[in-house]
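So that you can tell them apart, the chains are marked A, B, C, D and E in the order they are listed, and the count of residues begins at 1 in each.
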């Protein structure tokens, strides 16, 4: 993993390596170099399998993290390539031509996070949701419980008591 | 022996000469009455803080007085007594370990309690002795009953004593 | 028969034409094409999903997978559940084989929290995963046969699967959602007499498989409908993220159990089942043989596993379990391919992000959409089943 | 394709000769497995209504509701879980975390209903046909999601600690404290038990988070004596801790101490925030113990001018004069009191009411007067021989020890009493003996049997380790005096300490008499208040209740200007005194506010 | 609106052009009506007996619970002997088993399937999530109580309920039908507006007629 990182570092301005396990590492890549890094990894380093592509919302930092997890089966190694995107108007180049299957991931990210991948096929077609009318639900600032309570009625009649408060009221009322 | 012990011993001797249940009860009632009067007289002498204790003692003697008086009115005393002595209280001897205090002009709660326990103890013992010497029959049973009553009272006082003196604030 | 009908052009491959930008030029109004929805309420669909077929005659010219009918937003729900509270919910992501969710989630949490599950628990986990694999394949075999009208296979395999569910019930306390593998270990050990009953069940599975082999695999109708149909080019395996039996039937020996052995698989003796022809028949056969491997693995596990020792590692109080910032990916080889959990933590008591990588995600969407083109409508169900897809792991 | 492919499928026909696999009566023939997670059961006798099940339920399926016939009492909220089967997912996490193992699952699984609202029920209360089912999921013994065992507190070895008055316990390290705090389930059952209602779960959470500022703030909200309480609180809270039902209770007291260990005096001072704008009202408080100073702290924070009169030369009351240094170092008392001073409380030591200043004077020059006298006087057994000068009272000796006065520690001592004071004096004497004579010879006799000792079990254990011979169930009979010198104590065996009603009623067996040798006998039984400072007139005016001043809920006596609080009205315990101090301060403040109103 | 649902002009094989209006033409617009009981009670009882003994379930697995239907269709539990069978199309079914949670996307399909079923028809809610949201109580994409959108005759608790519990449910369903108490379809007709309003509140992409049978 270290060797690979050293090699990558000599070719691209990649960040430090986070070694999660001996066979799993993560590395951050500047947005504009992602495609080159991926193609290099796929064609030269044997990372031919795109395991997944997903996003993490770092709301506090105003960033989306895209994780492209690649796998080299023969070496039994996985490398997570991270790209940090500005959260506002997040746009990323599409890699559907590097891995056709990425198109599906990008469609999902577009729908669930609102990240745009210009050029990705059928990007704007609904994938999972239907008639969604709120901010993309996987964003951290979307409150699913609040949405559920506002949109779907619950069966009434539920009430609960906090043991400490209840005991205080039962045992200690009257300042005794 | 303190003044009351002597007095009581003398009174007990009087009892020995009595032959009917009613007579004995009358004398016993008299003891309770004098005890009550004693406590009532003591009330103003103690600090207000512990007056409740003496008042309770007086009430207790009054209750005994009432009990014996009402018992004396009944015709089936013997049966009543019999039922009671089957449940005779046994002495715990706790207050045996205490001195009899000299109730001065301003006794404290501990002294009052000790005095009261001593008094009940003496009464218990005297009635007990009387029961032993009396012939079997209603008279003996009555003495046993009286001894038992005093023992009960003493036990009650012991509890109060323990709670006040040994537990009172003691952690 | 089409030769004599001047109404149709014999060479159907000219439809649909392509537009300048390469997309298909399908004009429904032209009357040449028909939209045909297969699913979600349709006997020939694998669960609650649908395929929107554009057909020309009985040939599919375009297929679009529609999912989301089972979307509950697990990945979002988990972000507002504590680490232990996520444990019961993950198994719901895949109904027929829920245990991989439990295992991958537990292993991811353990790794980020720096906990090692006890060895005995690892053996029991592997046992459960193999039992689940048998179940999943048994369901598949019934479905694959059913998609071609061989209803009897499903009658048999469902029975065998149900016996395995009985074993699950006595081991885990539930039939479908076992909720047994929790972060830190497993709930309990094997019950008294489990080995014996398990052996009986395995025999029943084997005998069922023999019947299935006779009636399904040695069946002229089945062969006619599946041999050579639904070919996956081995070259597609990587570009489409194909894993599991779908890849192995194409001759690619992808098996996480061998490639990156997890739990106790390095201590077990087995070889990945491979096929060559990469068609529906081969995929079915690879799965059939894979059941036999699993049956053998269950026997090996029961013979080798330690019977004493702790079942749970010491975990922090689960009510306020916080895990330091980190990210990891845990994968396992489920009956459909690579199942994985990508877990990101941020030091709080809740996962920052969970991403579930189900093998069906690529199989049922991008791969299916590619393979469905130029297929006969009647083969669509068969193809879909042969990719062995479970919709809930696509949309989660 | 071969002929075989045409014929082989006919193999299916062989099933004609097989026994059917159909279950004849699936509704009755299939009970759930012994581990099956079916419908809930709850053992009402064991359940304490801690709500941990509600906390862990990720479905929000559990509500805690009061139930008819189940009283709220210490250690039992009186609430019981009601489960909504419109939410439940049968994961059994509620069973796994149940603190008392009362919640279990049966192997019943069929429940069909037309009414969707019928699926809510309180197991154990609403009768169900599976209530008595024996099979079903019960948490396996070794399946433990929380640590059962309390983190041991590091402390000095008996051989070392007996050498000096240095503090015995070390206090938790940050790591230890975090682990111990981690065990808490935050149910809050303890809050009602704590006399001061300290927000225990919250400050434990602060320890968990390592946020000591927050923890300190929470402590000072309810208890300005947190430093002292962290060392010597009677920690009644730990007796109602939910964790004690299956393991050790959380070390609540040590965690409180841990917070105080981690913060500086300056932080404490900054948290309480200095004096407040003056209201111009004046309050006099007699007695600088926990009750008096807590009231002083509260009142000063409200802007009133507070003067505390203390008879001894240092404030602290019984925490200073009654508790030995090895349990509570004086520096800790000083720090707590300095924080109280920092809000503007004026403490005047060496002022004895009735001698240096009259109560009437206070009455005239202050808006309110608070008596917080404490229990300074020791009770005597008054057994024969107890008048001897070498029969001493524990409180007096402890006071002398604190003041470093030499009272001539005996070579051999007998202590009467089984409370913490008895342990304190026995262990103090032991240390003095060790220093002076090189060996410990202390015999402690108590009426109670070991199981009913009033002292903390830890104290008893530690005293034993330090060489104090502890004899339980011994009733003092007589102090033996030979040639004018005390030579020992005679005791009788105590047969039983409780009567049938559970009341204290010692009964003696005089046949079992023992003699305990010693040149000094120390009485460490009950204590009482020295009410003589009230004077006869005031004593007569005041209303009394069974030996104690009659006060209302706010601590006000029958005299409208006079309040009383602390041990003298409540019984002895630092944290109770603190709680009382708060109540009284509130009452005094309300009175002051009322008199302000008309303006 | 999706392209294929728009009004369009189509040229037939005979060269004549005509307009196709999918949403209007293909479906009946009439709202459902209450189906009255037979005039004579004996006849109605007979009908109900017959209905109760032929429970035909729509084979639409809307959620997890569907997996426990397979064992019922196979020899081990064999629901067929109780007069229960599964049908592939709504036209042939009279019992709709909502097998668990419904995402809004599936709800839309479930409503259409339900409406296409012939009267008399019944609905069983399977599992906790149909009662009060179950473990998806805080999900943005699933409904919480089924009875807001479809008339439910019976609920079976569990997550998921076992085949045996389902069978017990079918037996109870039979009793309800025999007693003439399974009036869900009539309830739906009576409160049609209310149901529609509820449905439209959560189905944002309402590209279908209000009712079709």
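We take it that a contact is a pair of C-beta atoms (placed from the backbone, for glycine too) under 8 Å apart; a residue touches a chain by one contact, two chains touch by 3 or more.
Remember, predicted model here, so these are calculated numbers, not experimental data.
Note on connectivity: the fewest steps through touching chains from chain A to chain E is 1. For the pair chain D and chain E, chains touching both partners: A, C. Of the two chain pairs shown, A-D and C-D, the one joined by more C-beta contacts is C-D. With chains reduced to the mean position of their C-alpha atoms, the one farthest from chain C is B.
Seen from the C-alpha centroid of chain E, the farthest chain centroid is that of B. For this pair, chain B with chain D, the centres built from the Cα atoms lie 41 Å apart. Distance between chain centres (mean CA atoms), chain B to chain C: 90 Å. Averaged Cα coordinates give chain C a centre that lies 29 Å from the centre of chain E. Chain A and chain C have Cα centroids separated by 23 Å.
Each of the following residues of chain D touches two or more other chains: 21, 58, 84, 86, 89-90, 116. Those residues of chain B in touch with two or more other chains do not exist in this structure. Shared contact sites, meaning residues of chain C that touch two or more other chains, fall at 68, 71, 73, 76-77, 80, 88-89, 159, 177. Interchain contacts (touch definition given at top) occur between A-C, A-D, A-E, B-D, C-D, C-E, D-E. Note for the complex: chain D touches chain C at residues 1, 4-6, 8-9, 11-12, 15, 21, 32-37, 52, 55-56, 58, 89-93, 96-97, 137, 140, 142-147, 182-186, 205, 208.
The touching residues of chain E, counted against chain A in their complex, run 104-105, 108, 131-133, 137-145, 148, 201-206. By the touch criterion given at the top, residues 3-4, 8-13, 58-64, 66-68, 70-71, 73-76, 88, 90, 101, 103, 105-106, 109, 113, 135-136, 138-142, 159-160, 162 of chain E touch chain C in their complex. Interface residues of chain C facing chain E in the complex, by the touch rule stated above, are 28-29, 31, 35, 40-43, 47-48, 68-73, 76-77, 80, 88-89, 92, 95-96, 139, 142, 154-155, 158-159, 162, 165, 175-177, 392. The residues of chain D lying in touch with chain A in their complex are 49-51, 54, 62-66, 72-74, 77-79, 84, 86, 116-117, 120, 187-189, 191-192, 197, 201, 553-554, 583, 586.
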